[in-house]
Every structure is written in C-alpha cells, then in structure tokens.
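Input: a single structure, listed below in structure tokens.
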Amino acid sequence: MAAIDKYIRQSALPHIWCPGCGNGILLAALLRAIDKQQLEQKKTVIVSGIGCSSRASGYMNFNTIHTAHGRALPFATGIKLANPELNVIVITGDGDSTAIGGNHFIHACRRNIDITTVIFNNNIYGMTGGQYSPLSPSGTIATTSPYGHLERPFDIAALAIAAGSTYVARGTAYHAVQLTDLIAKGIANKGFSVIDAITQCPISYGRKNKMGGPAQMMQWQKDHAVMVAAAAKMKPEELAGKFVIGELHKSDAPEYTAEYDKMIARLQGKGGEA
Amino acid sequence: MAAIDKYIRQSALPHIWCPGCGNGILLAALLRAIDKQQLEQKKTVIVSGIGCSSRASGYMNFNTIHTAHGRALPFATGIKLANPELNVIVITGDGDSTAIGGNHFIHACRRNIDITTVIFNNNIYGMTGGQYSPLSPSGTIATTSPYGHLERPFDIAALAIAAGSTYVARGTAYHAVQLTDLIAKGIANKGFSVIDAITQCPISYGRKNKMGGPAQMMQWQKDHAVMVAAAAKMKPEELAGKFVIGELHKSDAPEYTAEYDKMIARLQGKGGEA
Amino acid sequence: MALTINKKFCKGCGICVAFCPKQVLELDELGKVYEKAPEACISCGQCELRCPDFAIQVIKPAKEAAK
Amino acid sequence: MALTINKKFCKGCGICVAFCPKQVLELDELGKVYEKAPEACISCGQCELRCPDFAIQVIKPAKEAAK
Amino acid sequence: MKQIVLTGTGGQGLILAGIILAEAAVLDGKQAIQTQSYGPEARGGASKAEVIISDTAIDYPKVLDADVLLAMSQEAFNKYGAEVGAAGSLIVDSTFVRELKETPAKLVALPITKAAKEELGRDMFANIIALGAIVGLTQTVSRESLVAAVLARVPKGTEAKNTQAIDIGFRLAQEAQ
Amino acid sequence: MKQIVLTGTGGQGLILAGIILAEAAVLDGKQAIQTQSYGPEARGGASKAEVIISDTAIDYPKVLDADVLLAMSQEAFNKYGAEVGAAGSLIVDSTFVRELKETPAKLVALPITKAAKEELGRDMFANIIALGAIVGLTQTVSRESLVAAVLARVPKGTEAKNTQAIDIGFRLAQEAQ
Amino acid sequence: MTKARLMQGNQACAEGMIAAGVRFFAGYPITPSTEVAEIMAEELPKLGGKFIQMEDEIAGMGATIGASLTGVKSLTATSGPGFSLKQELIGYACMAEVPCVIVNVQRMGPSTGLPTSPAQGDVMQSRWGTHGDHGIIVLSPGSVREAFDVAVASVNFSEKYRTPVILLLDEVIGHMRERVELPDACELKLVNRKTPTESPETFQAYKPGDDGVPAMAPFGAGYYHHVTGLVHTHTGMPSGGGAVTNELVRRLESKINRAQKDITMYTEDGIAGADVVLVSYGGSSRAASAAMKLARAKGVKVGMLKLITIWPFPVELVIEKTKHAKTIIVPELNTGQLVGEVERYAGRERVVSVTRVDGELFEPEEILESILAAGGAK
Amino acid sequence: MTKARLMQGNQACAEGMIAAGVRFFAGYPITPSTEVAEIMAEELPKLGGKFIQMEDEIAGMGATIGASLTGVKSLTATSGPGFSLKQELIGYACMAEVPCVIVNVQRMGPSTGLPTSPAQGDVMQSRWGTHGDHGIIVLSPGSVREAFDVAVASVNFSEKYRTPVILLLDEVIGHMRERVELPDACELKLVNRKTPTESPETFQAYKPGDDGVPAMAPFGAGYYHHVTGLVHTHTGMPSGGGAVTNELVRRLESKINRAQKDITMYTEDGIAGADVVLVSYGGSSRAASAAMKLARAKGVKVGMLKLITIWPFPVELVIEKTKHAKTIIVPELNTGQLVGEVERYAGRERVVSVTRVDGELFEPEEILESILAAGGAK
C-alpha cells in the first residue's frame, strides 16, 4: 500500500462504505493503476457522480470533484476540454453512469474524449438502499422490484462499443490485480476508455438476493468470470450465466480535444490543415 | 392518398415545413404503414418530441401528443404501460432522439416496450436553424460548427441493437415505398422498433453543406443507399461513403408491458407463474 | 386527367418535377406545379409518393376505367 | 511480523479471512481482524489486495531482509 | 423618425434587407433599430422586419405607425397590408401580389422579383431591388450609405450584381412616380 | 411522557427496535412518535432512533430530554451518551462499550450482544434483547404489547427465538437491578 | 378494536394516494422520498396498477404525464435534486393541463446538500421552479395523518383543476412515524376529472367550462385531439395569436386562483384575541405548536394559523387571521421563504421571520424566544 | 470615424462575454438564445477558447462548471425549457461556489409556449428555480448596449463572488438590433477570481475571506482540494454538522446580500418630485420610457427606476426611490412577478401591476393609461 499512500487523503479515512463493500477494493486498484501509469498527481483530476461508489473521489488526494447524480461525464468533459493537459478519470456507479447518466455516457463514447471511466458496477443503487439499476439482472429482487425485476440489463460493453468508445474492459473486485492492469491500459488509451468493474454490495444487493456475505459474493465473481481468451474458445452454452473479463475492445479514432486543438491551430494559422 | 386521407387533420394543412422538406414524405409513408397494418384509429396514439419533424403529430388524426424536446419516449412509455391496448407510435428527430433524448432512447430499447419509433433523420437540428446533431457526419458545416464538425456521428442502428431494440431498420424519403414497408414491419413487431428514416432538410442542412435543392438531396439518398442484401455482398471499400437501408436487425425478447401484465396476473392469482 | 393538384398546398419545391419519369410536371411563374404534358402521364404515382405537401393525388386509370 | 493491521479501519467483513491461502487471519470478538497464525503467513499480499478498508498492509519480507 | 416595415415569406431575405437598411441609417449617422417578428414557428409562413430610423434616441423598438410598408407576397399583403395608414406608402411586389385590397395608403406596385429574375437572372436579388426602390421612393437613407451597407453584407463576388440591383430598385421607384 | 433514545451502529437494527417500541405503545392505547437521525450519509456510522410515548397528543417529535438512552456501540456512547441527564437511565451494551465516561444518569451496563450470541446463537437478536431490557427496566410499555409488537414485525419462523430474546432482556434488566 | 397504527409520513402519503385512486407511478429513487416509490412498487401491481422506475426523474415525470393522458390517476415522487430536474415537465403538465401529483419530500439543500436532513427550502421553488407564468397548487402536511389527507386532496385537486399538484412534504413528516387512525375508503370523497359530454366531432379539448377547466377525454376513447406544450387554441392546435395566448396563459393561473377558497386547507388555534400569531406549515409547525403551548403557559396570548395549502398563497385568509395580531411570527426551516408573502400581504412591520438551516428541526425554545420577545415588547 | 454599429442584443451579449474574458462555452441550442452559442462557436476557437455543443442543457451546464474549475471563465446560454433543465446544476454551482454565467433569453412560456415571442416570465424562476436556499445574482439589460455592459458585469460578479450569475435577457432585447458604440477593451474593468495566497499544505478551499468569498485554486495548480455539492467544511470535505451547515448555507446567501450595493445596477430618470414612479426592467422598460415621455407631455410628473440588477432585489434602492411616489407602476411581460417584491417593500397600496402576456411587447399607450389613471386619481 505504501506506493499508493500518497494518493489517499488519510484524514478522510475510515471511509463511509459498509463492511465488505467492494468499493474500497476498486479504489485501491484504481490508485495502483494511477501509480503504474505514473500520472502527475497535480495534473490529475478525479471526477465522480453521486452514489456510494462516487464517494471515492473524496478519499483521493488529487484535484477531486464529486458532482451531481449522473453528471460526472459532462463535468469531466468541460474539465478536459478546457485544459487538455489534465488527466481526467471518472468514477461512477452503474446507476450513475447508465441510468440518469446514460446519455452523457454514450455521448462521451461518441466524442472519444480522452477520459477514463471506471464504473463501480454493483448491479444496484447502493446509496439509496437497493433499487434496481439498468445493470440489475432480470429477476433481481430490489426494493422497487419486490416481485423480481422484469427488465433486461444493458450489456454495458456492447453499448460502449456501439457508441464509439475506443477502449472497453471488464474486471472484478476479486480479480483486483488484473483490474489494476485493465484500468492502467484504459488510462494509457488516448480516447474514451470504459472499465466495467464488477463489485459487491452486500447490503443493498447481496442480502435481498441471497448472495451470502461479502466473501461469498467475491467467490461468486471468481466462479462466474471467464477470461476473454478462454471465452473465445467456449460455446455459448458454456458461457451462459457467466461473464467475460479482460480487454473487450480496443480501436483507433481521433481524440476530441486533440482535434479541437488542431482546429485552433489551423484557425490561428499556427498549423497546417490536419 | 385517398386511403390515408382520414388519418390527416385536413384543417391543419398546409403544414409548416419548408418547401422541399422531406418530413411530409415521411409522414405520408408512416400513414400508409398505419393503414397497411390496419391499426384501429382510436386505439392509436402518436407521440412526438420537439423539432420540425415532431410537428408531424399535429397533422395526424389520432390521439396525438407533441411533448417536450427529447421526451417523447418517456411519455410514450407512460401511455403504453398505463394502457397496453393502445398502439403507440413515436415520431422524433435525430436531435430529439439521440441528443437530448438519447438516454430515453437506449432505455426504451432495453425495456423492449412495444413502441414503434420513427426517427426523421435529417442529420441536423432543423427547427433551431441548423446546429449539428449527434447524427451529423464529421466535417458537417453547421451554425455551431462553422469550421467543420469535429465529432463522429452515432451509428444509430448499432446503438439501438446494442441497447436491446428488437427491430431496427433504415429507409429514406426517396425510397418511400420501401420505407412504408419497413415502418409497417416495425409496427408489427411486438417490442421496441426503430426506423431510422433518412430525410432532407434543404434549408438548415442542404444549403450550408452544398447539397443542392430538395430534389438533388433526394437524388443523393438514391445514390448513396445500398439495400441490405446488396450490402452483404459488398466489400468495405465499396461501402465506404454509402449507407445501408432495409431491415437491419430483428430479434426476440420479452416485451415489457406483456411481462408486467403477467406479473399482475400472478400477483392477483389469475395466472400461473410465467 | 389522372392528377388532382392542390395548388394551395404546393410549395414549389420541384421534387415531383425532378422525379416524374415522363416530364409531365413543371413549375409556373408563381412557383406552383402544373401539368405541362398531361398526356404523357402514366399514372405511376411517383409524384404523389414524393410530394412532401400532399399537393398531388394520382387517380389510377384502372379505377377510372372501371367506372 | 509481515502484516500491519489498522484495527481502527477494519470493519470485520471477513474478506481477508476467507481469501487468505494460509488461514492466517481471524476476527476477534469485537469483529476486528487479527493474526491467529502469523507464522503461517507467506506474505502473498492477497489480504491487502482485497481488504476494502485499507486496514492491512503486507510488508514484503524481501524488503525487510534487504534492510 | 421613419418607420419602415418589410413583409413577405420566409426565404425572401427581408430580415437581411431590414438589417441593411438600418445599417445604412447608422452609416448616415442616425439612430436605428431593427426588429422582426416570426410566426408562431420558425419555419415558413409570413415574415416581417421592422426598421425605425431617427435623429434622436429611440425608446420604443416596434413600429407603431408605418411610413412605408413593403409586401413581397400575397399572404403578407393580406396579413400586414392594413398596418400602413393614409400618411404612408404601401409598396407591393406585383410579381406575387395579385389581389389588391383597398388601402388609404399611397399604393405603389413594382415588379420587383420579376425584375430580379429577368434582369439579374436570380430572384434572390429581389430584396436588394426592394431596398433600392424604398430608398428611391422615400429617401429614408442616403444612396451612398445604402450601397455601402449592401456591399458590406453580401457575399464576395456578388457586389456588381447587388449594386445593379440597387440601381434597378431606384429605376423602378422613379418609373412609378 | 416517556422519551427513549436508541443508539448504535448501522446494522444493529435499532431503528426497527424503535418502531417496535412505538408500536407496542400504540397497542397499549398510547400516543407514540418514532424518529431517527442518520449521519451525513446513509451508510455506516452511528445510528439513532428516538421514541416518545405519551397519554396525550405529542406536538414535538424529537426527544428533548431523554428518560432512557441505549448505547449499543462505543462510538454511539461517545457521541450520544451525554444526551441523558440525571433523571434518566443510560443503558449500555457492555459487549461493545468498554470505555465508560462519567455520567449523571443511572448507568446500567448489560452484556446484550454477548447474550444474543451465546444464548441465541446470533447477534441479530441483540436489538430485541435490548428492548426487553429497556421495558424491564422502565416499564415504558406493557410486556404483552411488547411481545405482540415484536411478533408482528419479525420474520416467520423466528417467533420463538424473539420471544426468548425478550425474556433474556427482562432477565438482564432484573439482574442489573 | 382500534384502527390505530403507527405509520410513517411517507407511507401515509403513499396510502392516501392509493386510496384516492392513483394507479400509476413512475419515478426515480431519491432520499428521503424513496419509501413512496417502494410502497407503490409493492402495492400497485396487486391492484392491477403500474409502477415503473424510469431512467431518471425527467423520464419519471414524462411517463407520469403520459399515463395520466390515458385516464389513469398518476403520481411521481422525488426530492430536491429530482424536483429541480422535473421542472421543465411540470410546466408541460401545467400547459397541457394534465392532472398529476408530484410528491417532493424536501431535504436540506441546495444541491446534494444533506440528503437525510430536514429543511423547507423548496417552498418558493414549488411555486416558481418552472419557466413562464403558470398556476400551481402546493400542499404541505404537518402530521402523518395530514400526509394521508393531503395526498387524497392533492389527487382530487389535480383532477378537478386539471393541474399538477405538488405535495410538499419535508423530511420531518416524511420519515417520522406516529400513531394514526385512517379513514375508511368509503369515507373519502374522491374527484375524477370531467369527461366530455360532447361527441368527438364537436368536442374541443381545451375549451374551458365555466370553472375555467376543460373536460378531458382519455387517449383511446375516440377523441382525436392534440396535446401540446405550445400555446394552443381551444382545439388544442398550436397558435401564436395574441388573443389566444393571453386567454390561455391567464386562464392557467386564474382557474386556480379563482378556486382559492376550495383549495385552501389550514388549521387554526386560538387566533381570536391573540397578540402574537404564528403562521406555520409542515414539519416546523410541530415545533411551533409546542412553543405556543409553552408561551401560553407563560401568559402570552398566542395563536397559530397552520397553512396546509401554501400555494396559491391564501391571501385573504392570512390577512383575515393576522389582522388583529401585533406580531406575526413565521418559523421556517429555510432562510425565509414564505415569510415574503406574509410580509407582502400583512405588511412588513409586524412580521418576524424565524429561520433555521442547520439540518435540524427547530427546538420549541427557539420559537418561544421570539414569541416572548414579541409578547414582551408590545 | 465612428465606432457606431448596428448590433443585435444577443450579439452584444456574446461580445461582452468575450471582452470580459470568457473562453469557454458549453450549451445546447434553443430559440431565442441560439445566436449567443453560434457566435461563441465562431469566435472562441479563433481566440484559443473552446466551444462545445453538448447533448443537452444539463450537460451544457455541467461542462461549463467543469471548465470553470480549471480556471477558465465559462458561459452557457439557453431559454426557458433549457433554463428549467439547468436548475439542478445551477444549484450545484451555488453550493460549490463555481463562477459561471448563464444567459437566459426569455421567451413566452410556460412549457414550449411561443418560442419566438417575448416575455419576462422567468423572473421568479431565476431567483428560486433550484431547490434549497441559495443566493444568486440576476441581471436584466434594457438595451443592446446594456446587454454588452451587463455581460461584462455578469462575468465580473461571478468571479468576484464565486457564484453563478444569471443574465436574464428577453426576446425583445435579445433579437432587436440597434445602434451601439461599444467601449474599447482597455476601457473595461475586468475582475478575476481570487487565487490562494497560502501554500497547498495550509490552503482551505472553502474558507471564506472577509468578504465571505473563499479563494479559488484552479485544477491542475497543485492544490488537491475536494469539490462537492454536499454540505462541506472549510476544507471542502463533506460534513453533516449543524454548525458547518448553518454557516455554509447562510454564507451562500449573505456573501451576495452583503454586496448588494456593489451588485446593484440601475438607471433612473426624473424620480425627484415624481408623483408616479415606474419600476421597470428589461424589454418592457422600452415601452415604459416611451409611455413616460407621453405622460410628461400631458403634464404628469412621472419618473422611472429601471432596474438592471433584479436579484438580489435592491430593497433599499427601491424603498428610497419610491418613497415619495403616490403611485408605483410595475409593467411586466408576465402576470405579475417582480411586482411582488415591490409590494413587499414599498407597501401594496401604492403599487399598480401592469401586465401583458400575449406574446407581444407592451405598446406605450397601455402603460400611459395606467400612468394617467394614477396621475389623475391623485
């Protein structure tokens, strides 16, 4: 932990998360990824929305902003566009990013603006006590689906890819080392990167859905995750009920703020046509 | 036209659209599709957002509602869920559905609620005089991209498919007969159907982008559209700069209001577990 | 005559003129459509199909004949 | 000792206990973690990696030895 | 104070004409205000631009009592024609305004768009011809300022044609007097 | 009027305990109000439930002067312990509250959670034991109403254990007196 | 057997809505209003009604309006941040005259503020939060029982006047549990929107009746009318005409203002002969009542006007009930909002604003102090 | 050579913003404000600034706040429906004290209303549109030149007081073109937000200075502070403490109210000795001026107080300037909004509200009538 100590606001700890909540594990993974990429601390901005997960920004010793529910990406877009020198990392929940913030999410993907978004995906609205989210599996028991959730969840990776994101990966709290690596690669990508980080909410999801305690929920992650390479060799039947982790997509496309800077250079006669 | 006469509020004509605007052509295609499907007029509701295209609802002799910008789908969702007997058709612009309304769009896809959405896609904000939309091609000259648009457009079909829509098609104002057919199939689909209807805005798009007059813009549609069957046989190089029309996607998934009714039946002890 | 034209609705966009396979249609000096060559009309319906303003109706000759 | 435990931060979730490959850890009666079998610890770092509360730090013996 | 109202349909460039007229007044060293009203929606329908020119500060920005009203379409004539009284002039583009109603105003019918098409090859110069005619008839602004204001606004390469358009307007005005 | 404050940490079920106590009072035919305060956020931290029981209508819903304060954690004890004065009782769960501070109140330390674990096998019954102890010590509500209120709230199949929990609470209270 | 129950304010609110006939709920969770949604999710499907959690508050508002257009009594619930987001569509409901109820359980703001702490900071917003002139009804209960009654009234008013009604709860009342005895369903007077008496051919969807309120045909009933947020004529079709605009915009406000008497709900206590009158509402009225009793015990003549209807502000009532008071005290859990209206209509000199904005309910002592200061000074 | 130009109100507003140092714009098009965005799209990149059209108004507001946090003066522009949507994040900017300017070019509402017609229907919303207590500055120009000046002032105030400032234009001024002579850049006094004088180690991001305003460190400068919409301490970290909450919420309002004098912009004409005083603002002041001159020609002693700053409502100024008037006339293109404040502070009896809501500007005659009625009656 020593390496990431300087990235933590020690005085803000202990954090507010419930015992066994996976958010702390993801936070540590993110900090290790930042360390791995050797981002300049003072040029790094952490932007979060609202939710249990989004409280993470408060524990991180950077320029940090805890915005409004669903709006981390617009704020982040303003920050990055106004000052492209800044490394901008967004922390968001599954509800924050795909319910109220779904539109901002697909538009950030489309613009391919150089922001790395880590979705703390616990399949539920944790902060408000367990309502279903757009990533809750069908059948989920939530306080607003007492008889089982009728809707289908998004395939967030497919959505991000269709919307234009140039790096999409999935990891879990259990696979914390791999997750660090996936986030680091997302940061390295010059464009909009999405890391779907699966985590456990023992209180607002686990209990109602009989998932057992925190350790059992992490065991579930271990048992149901399939590495992308392995998945490629598996039949659909074998993959049923499982989910794929690893780097799911990588592509090239012009990055928004770089294009903008080129336009400015062109207009100011400082650069050629680009 | 006789067949669709009864579906038109004659007293509201002539409509407000500019000379050569494709919206009138799409409107007629939609009315023919409704006629083809023999929807019961009084059980049919037309919901639109705000934009030139969304004014279409006012000319249609059904239960019609012209909502707020981007919000046609939430209104339509309320209408359909409250009374699943109603046939609900949404008319929306490219801005209305994918800019401000983008989130509602992907969520309606995800829920697979039985609504047919026709996007009057002119690649621009017509009503407000020609600002770029999320479907404006890169490089578009718009009043808010005087130096050429820097962003990439959505592939709206890919987005709808990734989000869960069970019927996705694309047509054009030029191919009005085929378009009628595609809309009719969308109406027939028990689930969320999207028809991306490409149309010309000679005033706010055509002029600035040197597309010529309305007829030339329709000629452009003719020249750049490739039928889905033909496209399947073409190489990517051959397809560059073209777009594919026809039925792009069809799949099966539980329809939201039907699932809801089953849940009610179950709770009221009227049906078995379903 | 196979066409019913509603000049009040016509906005003179020229779409029908451009896509009529038989060059039947033209715009007058007030910019409204008229049948320059009615005899050439084959009642194909293209003009009605593509007129954005509900200004043209094609009466199918088959029906006419049946009367 | 290879582990530094911050009892103030520990919330007793049991994750470290469950995933320690050597059954080194256990919760005390106040629900806080402690080293039941410190001698078994192989400094693998799993507990630090998965503790959500920054309550455990594993001091790598390699480093210790170097000092 | 001079109050001028320019009416017609959407695409005729009357708002631009209003702006140019007001800009010419500013070049003349006068006070000027230009406003427009849209229909209930942005698209199609009748369009209207107003210009007030005065030697002193102008409080109220809308025309209350028009000195000149230009009607470039039948619809605009029907809708706005009555807004000019006995003391004013009502200039109509006879290309489009075919059915005239009684008016107390001095009625001047000029073939504005016809002239644009026939003499300049494109009807898009009609608004500038109309300006020439208005200024020719009413001397609201100086001819030099009008020319300067027009040239400052029109696309490069069209200067000659636009100057010609002004001349045509003045000629039409003269012929009508 | 009786004012009771139940404090502890998030997962200890003290808000439920407050509700049950108030419901027991209603069963007794009394007026009752139950409120809670959360920390700045919904998760973790100290939690507090308040109950007011009275024979007449209750205007003000918050406890101003506690007759009984229960502290089920050290943190809660530190934070809220001072809210009860000389006339009141301060009941602490000695399982968790190890460092006691001076208090003018009557201090009663009971091994509530310990008893739950040892006698009922699970600490989740601690809140019900606490209720038994409070009622045993203060007779705020009748024992029958307490039992009825508890049984109306707890999951099916746990009735016996919960009744036992109440008994344990009463026993602890008695032992303390 | 007594029907007495311990019940939470939010629950009483939800039960009142169901009792009043609400069968559709669309919303988005937010503390401290979430219980209302959760109860609806549990109860509505059992009654054949529909609950849907939408993707955000805007969508919740849109779906609520949409459902109401089919003839179903519809509800949404939220708190500050969500209430701000709903404002555009609340204005739509005003303009298109779609009956619906919006519960706003106020929490401490601005912005995210203190999500679990009480405040009454949205009082002015509930009147003025959407753009453009409009009329609106806002009710604020002061007890759990009132939360039930006001829920029923809000549905009734929304139906009767074809308008959105805001039920402005606060965290004090919303989260507090108290003993209540609720009326039987048969004791309730329920109001349903007027339906057309004319045939589809002659029916004009926005032609007001004598009460200023048009009849409403549900979608699907064969009336092919148009609904729009644009200014529209009696037929519902868009129009930019000055007379049409003036008539419509004024009517949207006047249909509510003229019904002020019908809409005004309040309680009073000891106004006659009072030197000091407390004008109070919502959760802070509980502290005000307690303070009043303490003051009376000290011999001060103090009365209370507790407003339940806060908008349209009951001008005549407030003037009437405060006219003999030497001092008018307005305690609010905000920096002074409704006090502005009291000052406007009762005159500034006599009015004392008592405010608290630290995320806690007043203590009775604080209000007592002001009463004593007023009682003593005169 | 004269610098006189014909210029549209929206353009003057945009040019004023640029002159005041705005280098970031994020918004979403909406009539009648779109020209502001369009000019920004054209001009900002030439100056190295940034324009972005976001996916909706909420995103436009979010990006504007985000950009400002990096130290760039930031702007957004909208009209009624978009202004309603921005309310939640306007509250965020209040709470997190992020300088930014929101232009709202008012159109006829409610809802979609009449998008191209003038109104002044958002006056109360501009003060109260977001949930929770907060302070805010709202300026409304009455001419094209004022649109420029007020744009500069709005940026300056936002920087000085670390607050969102609303520039409330109306369609009359926004779309009208008139002759203006604009000041040279060097004549303008520009204000920049205070930056920290302390080191990152000791700096407290929300510790107010003597003026109630904290210094602000731009992101990227090495100050690792936290920004949140939750109630927070001087460090910026969340806290639910009562004292912290009270201090913060009161300060958000008081830092602005205490600067009332600095913030208040107005013009006056012939107040001394006037029997009738017009209190006017924005586009309707143009008709009021014309009416005043007509009335004077008829011998009525009439003066005018034209408010440019409408919020915080200039209480002392209005009391002072109206104290000798027998009648106070408040003409507004709404059903009567700011008149409420005038009544509250000047007393109801003398105040006459003149309103118009048909989508047209007042004619001078209408206001004249009221002046004559007042002038005659007394």
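In this document, chain identifiers A, B, C, D, E, F, G and H correspond to the written order of the chains, with residue numbering beginning at 1 in each.
Basically, a residue touches a chain if its C-beta (ideal position, glycine included) is under 8 Å from a C-beta of that chain, and two chains touch if they have at least 3 such contacts.
Just so it is clear, the structure is predicted and the values come from calculations on it, not from any experiment.
Touching chain C and chain D together: no chain. Path length between chain B and chain G in the chain contact graph, taken as the least number of steps between touching chains: 1.
In terms of C-beta pairs in contact, the better-connected of the chain pairs B-C and A-G is B-C.
Inter-chain centre distance (chain C to chain F, centres taken as mean C-alpha positions): 86 Å.
Computed centre separation for the pair chain E/chain H is 36 angstrom, with centres defined by C-alpha atoms. The mean-CA centres of chain C and chain G are about 58 angstrom from one another, to the nearest whole unit. Averaged C-alpha coordinates put the centre of chain A at 58 Å from the centre of chain C.
Shown for chain C are the residues that touch two or more other chains, namely 11.
Residues of chain A found to touch two or more other chains are 17-19, 50, 66, 68, 100, 102-103, 107, 127-129, 134, 147, 260, 263, 267.
Multi-chain contact residues of chain F (touching two or more other chains): 39-42, 44.
By the touch criterion stated above, chain D contacts chain A in their complex at residues 8-9, 11-15, 17-19, 48-54, 57.
Residues 28-31, 34, 37-38, 41-42, 45, 51, 53, 55-57, 81, 111-112 of chain H are the ones that touch chain B when the two sit in their complex.
For chain H in complex with chain A, the residues that touch the partner chain are 24, 26, 45-46, 48, 50, 52, 54-56, 58-72, 74, 88-89, 92, 96, 219-230, 237-238.
Looking at the complex, you find that chain B touches chain C at residues 1-2, 8, 13-15, 17-25, 28, 173-174, 176-177, 202, 213-215, 218-219. By the touch criterion stated above, chain A contacts chain G in their complex at residues 50, 66, 68-70, 99-100, 102, 125, 127-129, 131-132, 134, 143-147.
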